[in-house]
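Got a structure here, written out as structure tokens. Questions coming.
Chain lettering (A, B, C and D) follows the sequence in which the chains are written, and residue indices restart at 1 in each chain.
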Amino acid sequence: MSSLLWILPLVPIVVGLAMLGVKDRRLLNLLDVASTSTIGVLVWVVARAVMQAGSLRAVKTFYADAVTVVFLGLIALLSVTTAIYTIGWMRREVASGGMAERRLPKYFALTQAFIATMLITVLADNLGLLWITMEATTITSALLVGFRRDSDGLEAAWKYIIVTTIGISFGLFGTVLVYAAAAHAGASEGAMNFTTIAAMASQLDPNIVRIGFIFILIGYGTKAGLAPMHMWLPDAHSQAPTPVSALLSGALIKCALFGIIRFHTIAIGACGPGFSGHLLLLFGIISVVAATPFILTQQNFKRLLGYHSVEHVGIIALGLGIGGPLGTYAALLHVINHGVTKALVFFVAGDAIDRYKTHTMDKIRGFIRAAPYAGTFLMLGAFSLAGTPPFSIFVSELLVLKAGLAGRYYVVIAIFLLMVIAIFAGLIHHAGKMAFGEPDPAVPRGGEPASGVLAMSMLVVVMIGLGLMIPPVLDTIFTRAVEVTLGH
Amino acid sequence: MSLDLAAHLIDIIGAFLLITMIVILEAGDLYRAIYTMAVQSVFIALAGAVLGAATHNTDLWVIAGLTLVVKVFVLPWLLLRVIHRMRIHHKIEPLIPVTATLAIAAAIVMLAFYLSSSLVSLKQVITGNALPIGIALMLIGILVMMSRRTALMQMVGLFASENGIFFTAMAISQGMPLIIEIGVTLDVILGALVMGVIILRVKSSIGSDIADLDQLKG
Amino acid sequence: MSIGGLWIMLGAYGAGAAVSILGSRWGNATRVLGHVALFLGALAGLALAIQRLTGGALQTAIHVELPHLFPFANLVLTLDGLSAFFLLIVSIVTIAAAIYGPAYLKAHSGSSPAVEVLGINIFVASMALVLCAGDAMTFLLAWEGMTLASYVLVVSEGKESNTRAGLIYMIMAHAGTALLMVVFLTLAVHAGSFDFAAIRTAAAALSGTERSVLFFLALVGLGAKAGVVPLHIWLPQAHPAAPSHASALMSGVMLKMAIYGILRLGLDLLAPATGPLPPSWGWIVLALGAISAIIGVLYALQQHDLKRLLAFHSVENVGIILMGVGMAMLLAHRGGVADALAALGLAAALLHTLNHAAFKGLLFLCAGVVQTATHILNMEELGGLARRMPWTAWLFLIGAVAISALPPLNGFVSEWMTFQTLILASAYLRSGSGLAVIAVAAALALTGGLAAACFVKAFGVTFLGRPRSTHAAEAVEGAPSMLAGMVLLATVCVVIGIMPGYAMVFLDSPVMRLLGGVGPSQLVTARGPLVLLASGSPGTGTAVSMTAAAVLLGVVALVAWIVVVWPRTLARRREPTWTCGMAPQSRFDYTATAFAKPLRFIFALLYQPKRTVRKKTGSTPYVLSQLHWQSDVVDLALVHFYNHIQAGVTRVANAIRQRSTGRIHDYIGFVLITLLITLLVFGRG
Amino acid sequence: MDPTLTRWIWPLVQTALLVLLGPLVTGLIQKMKARLQCRRGAGILQPYRDLLKLLRKGTVQSDTSGSFFRVVPVLVLGATCAAATLVPVFFAPGTAGYASLLPLGDALLLAGWFALARFLTAIAALDAGGAFGGMGASREMTVATLVEPALILVIFSVAIVAGTTDLRVIAGHPVGMRGSFGAADLLALFAMLILLLAETGRIPVDNPDTHLELTMLHEGMLLEHSGPGLGCLVLAHHIKQIVLIAFVQALFFPWKAATATSHALIMGLGAFLLGTLALSVFLAIVESSYAKLRFFNLPQFLSISLLSSFLAVALRLL
């Protein structure tokens, strides 16, 4: 059973290598869907096992607990839906000449590698391995960001790889410090393993851990898109091919958060909940505030979504920072909710952009008329991102709010609410203008690929489902995850 | 070799590392920057060797060798190839005046010492200033990246600052586990390759230095 | 029956929403089925409410546990007297709207039937859920559901203007909800549960200031929904944009959800366990009421779009309702006379809530018929409709008389009760506060006068005189089903107007639920249902019999008709109207603008009217060949507050966005500097 | 006499009295004005003759006007008569107001009836579709909006003390409640007299006997009416006038018979007739000694009454 943990990332790697030899688009799509859905199934099994055993471990460095399961679930869900969406999307791209037939294998292989690296990141117990794979995600995804090889794409890729690598190297430094702290606290065997360090967190030298955590927060925070280290994010997420954007925004930045959460746990153990919590709170609110003006006056659809990711990462950090069982619960829940919604909206954006041949939102009109499904999903997604029920994000934001009020962070909450309302205004303004009205006759109507609609509907179902209820299973997972995070 | 001798040597090496870093920082010429980076890496390798000798930790020897191969030969060679392929003039125009950068570097060094003065427990491992120098190296490396225009200097700065991390790792905890070190080095090489590819692609398609692109904003 | 009724109602609405999956292919089927479901649901709701209201005032609330959806909150439905009364209102208007709807939508095929049916069913269902909510979570979910569904209805036609209206509506509503969330979550934190029961006990433990802060936060949040000035700006834009029967529901019913919220929070959840409420609550609500009433009607006077005019009148009437609520809050639990007066005031407010739902619903439906017949809502282009669509005209007249608070219709009754409360209260309070109350009474009187003027204009200019456009000239009467829905509401207006005593029974359980003591049926109809009684202490007070009054009017008018006007013995000629000898034409008619001009002058301070006159003279400067005259008034709140905010925010945002250079060196710099600062600040313990 | 019978009888008797005397008061005022202007003037019974004539004439109706136009006059008359039943003339058994089987006498309802009458008249005026009707309606409604609050305040200034707005109670307890005729009453009376001018449509607010379009308010609305319909409206106007006069007396000179003894009744009737005469004189003098105000000066004029009535209330409360 526990061997699944290393089989899981092996699946996409193998498939990816196989893909390099395949030329046919349909077959590639098939392989893509097959591997991702296999991942889905395996994740399901792993989750069940973890729920029974509490945690799983394989070959000393692969480890899965409730937190891992949360992130695994998100990655699996998004990979599957993205794979399905890619079918229709890729057909359009190839038809419109946006993607050369011969480069398809490379694209799909890279995607698989990307997914594999993300999987290992959240499965790694060894913090060094976590760092290595995190860097690997940067490299693979950077290639995908620049895949179109046009000037903007390459610029975005360059900014992305340079800035995040810097961040990551900070992360490495932090890791080293914590490792040193652990080593000196007397951990000889597996002094780099999260489980070991977390177990002995209370004996670590708080001063080292403090500096270490700062490096980690800034470093991995850069990759997670926390302001003010976020500036590469809108560039990269707006330039990447749509399915990749969905994965970047939905899953990848969450992996960086996973890293932060791991060290957060250690920091809580070493220097008490106050320190790391307050830092997260600070950067959370900064991110929310920093994202607002760019969302309000944004013209580029995908950049808008990028800045939205910044805001929502901020909200997650806010939840973690407010802390306590409730705040952490809210944060973890928000990880899932935002991932799902953001992927959905990126899918919609892809459709809109292909349809209207533009990124500027002012030129997009009457989307509902042009593409009934995508248009409706656009409004649903917008309202969900804006935090209205019955969509999932409302629930997690509600919980963040409640935790904040319970913690008497009145000022933070006030700022948070102001920004959320402003962002709401901006978002509904943009979405409404795009969705309603009459599209100009040049715009093709209907003809939405079934695969795309299917992928989006899957996400919508999850989005609304989680908005209307949190099934007991999920609740237990999250509660466990909270315990792990808070180090009980 | 006894521990305190090792500590003494490490101290000296640290000093050299700082010096090389400052040379990189105010280097007005790509070639010089790259060669200095190589030299700096030699010192890293040396540090590894010294520690290895001192602590009889064979891993450290391997790490030292690895550093020697990768940082001293592979990466510089890669950078030089890129320069060659790009056929760019190898003068470096700074975005921030060199004096200013030096001042900032000084500030960074002081910050590094200020910080590490609180880390009492680590002092016992290796006497001397390994940790503050490591921090300083890393941060100054980033400073190089932000203060020099060409993309290649950014790569140089990145590797230099990674040197800082390696140095710290060795100094305060006799390096990370071997397998991790290898993985990290692998990442560095891969990253370097990808960066090089991107740089060349931009040069060939747009004909400009990628670090100058600022189309995406707001 | 009770719980079953609840499920039947919700089930029917759900079914109605589900119908929408039929989609636009079978458009008419979707419309009809969806509205049939709506009708049935409303019927169930009506039965439930009536059964709940008449089944003895103090019976325990219906209490239903919903499935355990969220781990942190268990959802509960409770239906007590207060909820039941508002459910009654929802159901009545919904029934009319459901009868009216299909034919109207068939005529306006602007949007997809699926969306409309889905929207309206969920809209009504969520309103019912807001009322039945037994815990904060359900309340918030239903509250936002209500907003979202109504937003869908507003934008359903997909025109640019609708989108804009919907945007402003959504922003205001969402900001309001955010405040409500803060209030309820704070309470939930203290209570350790979202349950209203737990919250009630927890709130009692809070300090006075905490409770006041929470109440005022909630008041702002709910005020945004109720359209209280200056939070009203969305209302006149959003309500007209929706399909007319949806407008009727929004204006007639949805605003009342906010009233319900104010009552629920102010007099129930947040009210101190014993003793009176903080006076500031009552006074501020009273002040808001007075301001909203006057501003609302004043702006209504200057509107020439029929539905906008009606929307502004909703602001006015919410103000009138708030006056009663304010009095109730001011006097509640002070003992003796005050209690009786509080009950009277609350009864007045609740009755006016019901009345406004009836006549405002009726008026919006009439406006819908006009829109259907002419595709015009601008009064200046209408006129002379009375002869082509007499039913609509008469029904509109009934609504107009009712909303102008003229006897013998229902509007007068509730305003009469409000007046009586105010005067008796001022006599009870004496001194400064008494005078303040009298000032409110004067405001109410002014409001009444202005409303009358406004509806003389609205009715006269729209339905009388000559048609001022071909559309108006070719108008045809609305479909029977539409008229049926209107007749229903008109009947409510007339019945409550002539026999208000019978309505008092329904007010008992809400009033006693909130204030304890004796209900209106003992206070107001102590002398039987035919006589209304307003008295603080027994033996004094004022009695009036609307029934007798109505009979008097009828008898005299009938006699006069039979004796004087009706006899055919006298010659009767028809001649053109006297226009000083010129051939009369439609341009001689008094327009809405002209009609409102005197008031525009008198209240120029508020309107800041702008007029532009462009004269084009012919050969000599003394001969005008063409004269262009344009005048418009501004909404002070909009011009002096909201526009500034919007402009300011945009300016700041743009300024910040311009700063971003997009140079990678800056990106790196930010990362580095952030790290350095953080290390410097937090690096050492 | 059988008490239940009296309950029914007295209101009707008093109403009938008001309806019958209505035109007479107008005639009286016209006569006095004529005298003051050194004219002989028509006999004081002239209004009756006019009415009879109108009722016997045929009607000429504007071809644009519809069913409303014909129905409105009788409704207006009905509303005015209904209002007339509410004001005590000479008999006001104090306790009757609250407990009486048929509670007639609420001042607010009185105001309501007048408002309804005005509302309907204005609508009928718009139905004809001429500029005069519209202008009249617009101005009448404007004046009304300014009059209403003052009227309410006057009523309240008295009602606060009485604890009721029932005129029969107010008029029924002359001394018991208000003690002597105080400053508050004086202010309120002053305000009420201004309102009397406004509501009866007399100079300086309105000019009852001109059809110059620039000056007329009420007359403008009647312009298109003719025959019986016009008759109803004119009669309604007469009645409204005397009802208001009676209203003033009920509020401020409540010398009514409290019991149904013949002596008291005669006293009450005498008091009423004297009061009516006095107020008619007042109206006549004011009309012939003032000029009509410009329409846009009316707000200031009426605000005087608003202010003084508010002060009256203040005096009562503070």
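Just so we're on the same page, contacts are C-beta pairs under 8 Å (C-beta built on N, C-alpha and C of every residue); 3 or more make two chains touch, one makes a residue touch a chain.
Remember, it's a predicted structure, so these values are computed and weren't measured experimentally.
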| item | value |
| --- | --- |
| Pair of chains whose C-beta contact count is the highest in the structure | C-D |
| Longest centre-to-centre distance from subunit B, chain (CA-based) | D |
| Distance from the mean Cα position of subunit D to that of subunit C, given in whole angstrom | 35 |
| Cα-centroid distance, subunit B relative to subunit D, in whole angstrom | 100 |
| Euclidean distance of C-alpha centroids - subunit B vs subunit C, Å | 70 |
| Averaged-CA centre spacing for the pair subunit D and subunit A, given as whole angstrom | 78 |
| Sequence positions of subunit D contacting 2 or more other chains | none |
| Per-residue overlap in subunit B, given as positions that touch at least 2 other chains | 115, 118, 142, 145, 154, 211, 213-216, 218 |
| Touching two or more other chains - residue numbers and ranges from subunit A | 158-159, 162, 166, 170, 207, 211, 235, 294, 297 |
| Touching chain combinations (by label order) | A-B, A-C, B-C, C-D |
| Subunit C residues within the subunit B interface of the complex | 657-658, 660-666, 668-669, 671-672, 675-676, 679-680, 683-685 |
| Contact set on subunit A toward subunit C in their complex | 158-159, 162-163, 166-167, 170, 206-207, 210-211, 214-215, 217-218, 222, 228-229, 231-232, 235, 271, 275, 279, 292-294, 296-297, 326, 366, 368-369, 383, 386, 388-390, 394-395, 398-399, 401-402, 405-406, 413, 417, 420-422, 424-425, 428-429, 432-433, 436-438, 468-470, 472, 475, 479 |
| Contact footprint of subunit C on subunit D as seen in their complex | 55-68, 70-71, 73-75, 77-79, 81-82, 85, 97-100, 102-104, 106, 108-109, 112-113, 115-116, 118-119, 122-123, 125-135, 137-139, 141-142, 144-149, 151-153, 156, 159-161, 163-166, 223-224, 227-229, 231-232, 295-296, 299, 306, 310, 313-314, 317-318 |
| List of subunit C residues in touch with subunit A within their complex | 67, 69-72, 140-141, 144-145, 147-148, 155, 158-160, 162-163, 166-167, 170-171, 174-175, 178, 181-182, 185-186, 188-189, 649-650, 652-654, 656-657, 660, 662, 664, 666-668, 670-672, 674-675, 678-679, 682-685 |
| Touching residues on subunit A, where the partner in the complex is subunit B | 126, 128-129, 131-132, 135-136, 138-139, 142-143, 146, 149, 151-152, 154-159, 161-162, 165-166, 169-170, 172-173, 176-177, 179-181, 183-184, 192, 205, 207-208, 211, 234-235, 238-239, 294, 297-298, 303 |
